[in-house]
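Take a look at the structures listed below.
You will see two complexes here that share subunit A, one where it goes with subunit B and one where it goes with subunit C.
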Partner chain A sequence: MTRRAVWESIVLAGVLLVQGCVAPQPSQDLLAPTEAQMKIRSVQTRAFDVKDRQLAMRGVIAALQDLGFIIERANEPLGLVTAARFAEPNFYDVLGVTVTVRPQAEGRMLIRANAIYNNKPIEDPKVYQNFFATLERSLFIAKE
Partner chain B sequence: MRRALLAGACLVLSSQLAGCITHTQPEELFQLTAESPRNKAMQTRFFETKDETELLSASAAVLQDLGFQVEESVQDVGFLRATKERSAREYGQDIGRFFAFFLSLGKFIMPVDLHQRIAAMLIARPINPEATRQEVRIMFYRVVWKGDGQADRQHIPPGQQKMEMLRDPVMYQQFFAKLSKAVFLEAFTL
Partner chain C sequence: MLHNHRHMSRRLSTISRSGGLLLVAGLCLLLQGCPTPYELRHQAQWDSREQIWLSEESQVKLRVAQSRVFDTTDRRRTLEAAVDTMQDLGFMVEVLDEQLGMVSGKKFEPLERPSIGTDPYYHLYDDQSLLIFTKSYHTWGPFWHRSDLVRLTITVRKRNDTQLVVRASAQYYLRAVEDPAPYQKFFRTLEQALFLQGQLVE
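For the complex of A and B:
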């Protein structure tokens, strides 16, 4: 009787183990655009009346510098700027941001910012509003 | 019982307060602070020249003179990033380590700073449409690695990291003094 119980429990454990091995299947719409994505993209993007892309990029860099960011990489042909800063006064949390500058129409630039806090994407619209407010000021000064 | 509750509440509150001090919210980090203009003034100088390329290459040369290795450069946006690695040993910390060891009866060996990487990031850009006036802005920061230590019987592994922005005005003044000598131009402040 006890032997049987042992066998039964072994079989049960085996079944459970095998079940654990089956990976959850990714759903079909894993890469499909969701409403939340569209929303976050519109929050992260803003158009500015700047003719020259280089001028816009320099404005972006100046704004990031004003905010205390360290520019890590810049690519002029692609309109790409990557920067990071510590969440002062503590120096353990890191805030990273990637900004892209793309021409949208004649005399207009589309600027998009993606920010991450300790490798987690930031989805709070207020963060991006604050960034674009600083950027606007920096671009306005650059135009004068 | 009541006392214990009160003590517990105080502990929770104080730990929450401590949490407030160390963690800055991301939205605050995208806002200019009271120190921003002061930092900007310290990190920025103006030069009356048309030649942005010359200014940038002279900056690279000055950084080289200071022992930095240029790691990244993008001429189109006037960008340079350079680093240097040095020892971070300080006698003061060793003395502190000794006293901590002595006073804790050999139970606590404080980790001290061993090694550091100092980095500089520089941007040169024209600030008027005719490009007769250039702005140079530089920022210094460093990463420090600590050695190993021991707390009671627990070994503290080496390699603990600490990062900080360097905001010593003398450092910036020295850099700009060297740069203005290198380009034979006077550096203006705001």
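For the complex of A and C:
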């Protein structure tokens, strides 16, 4: 090891150490929606022919339970349900869902679901289609 | 003379080699003291009082940046819009209280994720120790080495007979966000959800 290489490695280690100790600053877009999030918004939302909000919320809770979620909180007056589950195959990962139920005009309910896999929002439309298919079935059973 | 010179240079090279070894050993010890860069970037805050003193901006300035006045008295609609905005921004709603008029949520910024390949730490944590489904698991469990927590609280208060005040406060890397720019962007999204224009508090 030549003397120059020694000095270079000291400088490099120093730079790495200092970089490790500085907290990153929040970006300007910390609280701004990304384009991808705006794009999946329509996929996450669907209107259902249900008049009663409570009935719709029960349907949502039942659908989430059908999918193996554990309900974390349900707020009836504001129409919010959140749930989470560990994901297959290793059950290392956590899948979290936030569902809102909003009354729309003409006795319809607007239901929006947000799914987050560990720390990343799910952008695959298939996942939401699956959820809404389960919800449709569960609402159908609830109506009878 | 020549022989002496060769002897000297050999001695010098042994010295520099052992010096290099010492240096490497010293660096190893130093690096062991700092387990990961992620941990280093976080200050250990054992006492919540310390966190309160961390605020750097003037309280009034910060409050103005975080608050907007809306010409509506419909608290429920405003809260619903706040939840909608949280969903738009990819936040998970954690606390929701209509009576108190507050919504809180969190999200993870994928800052610690390597851009190429996979993070070996991801496969190294002990899943056997995860016995219960707790809040702390969500927050600091397997994510602690690969993601950063952003927390956001929105409060809705009555200002007078015709107006409401909405205040948002965000936390990033366990510190309060004091830059007004992220809040401006947040309120732009909220205004779109409310179909109302917010005004600054005077």
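As a working rule, the second predicted complex is superposed on the first by the 105 of 144 C-alpha atoms of A that agree within 3 Å, B and C clash if a C-alpha of one lies under 4 Å from a C-alpha of the other, contacts with A are read in each partner's own complex, and residues count from 1 in each chain.
Everything that follows uses one rule, which is that a contact is a pair of C-beta atoms (placed from the backbone, for glycine too) under 8 Å apart; a residue touches a chain by one contact, two chains touch by 3 or more.
Values in this document were obtained by computation on a predicted structure and should not be read as measured data.
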item	value
If touched residues of subunit A are counted for subunit B and for subunit C, the larger one	C
Partner chain in contact with A:T98 - subunit B first, subunit C second, else both or neither	second
Touching partner for A:G68 - first (subunit B), second (subunit C), both, neither	first
Partner chain(s) touched by A:M57 [first = subunit B, second = subunit C, both, neither]	first
Which superposed partner A:P89 touches (first subunit B, second subunit C, both, neither)	first
Touching both subunit B and subunit C, residues of subunit A	70, 73, 75, 77, 86, 90-91, 93
Residue numbers on subunit A that touch subunit B, as the complex places them	54, 57-58, 61-62, 65-68, 70-77, 85-91, 93, 95, 115, 117, 122, 124, 126-128, 130-131, 134, 142
Footprint of subunit A on subunit B - complex, ascending	21-24, 26-27, 29-32, 36, 39-40, 43, 72, 74, 76-79, 81, 119, 121, 123, 125, 127, 137, 139, 141, 162-165
Residues on subunit A engaged by subunit C in the complex (per definition of touch)	1-3, 6, 9-10, 13, 16-17, 19-34, 37-38, 41, 44, 70, 73, 75, 77-80, 82, 84, 86, 90-94, 96, 98, 100, 102, 112, 114, 116, 118-121
Subunit A-touching residues of subunit C, taken from the complex the two chains share	16-17, 19-20, 23, 27, 30-31, 34, 36-37, 40-43, 76, 79-80, 83-84, 86-90, 92-94, 96, 98, 107-111, 127, 133, 137-138, 142-143, 146-148, 150, 152, 168, 170, 172-173, 175, 177, 179, 181-183, 185-186, 188-189
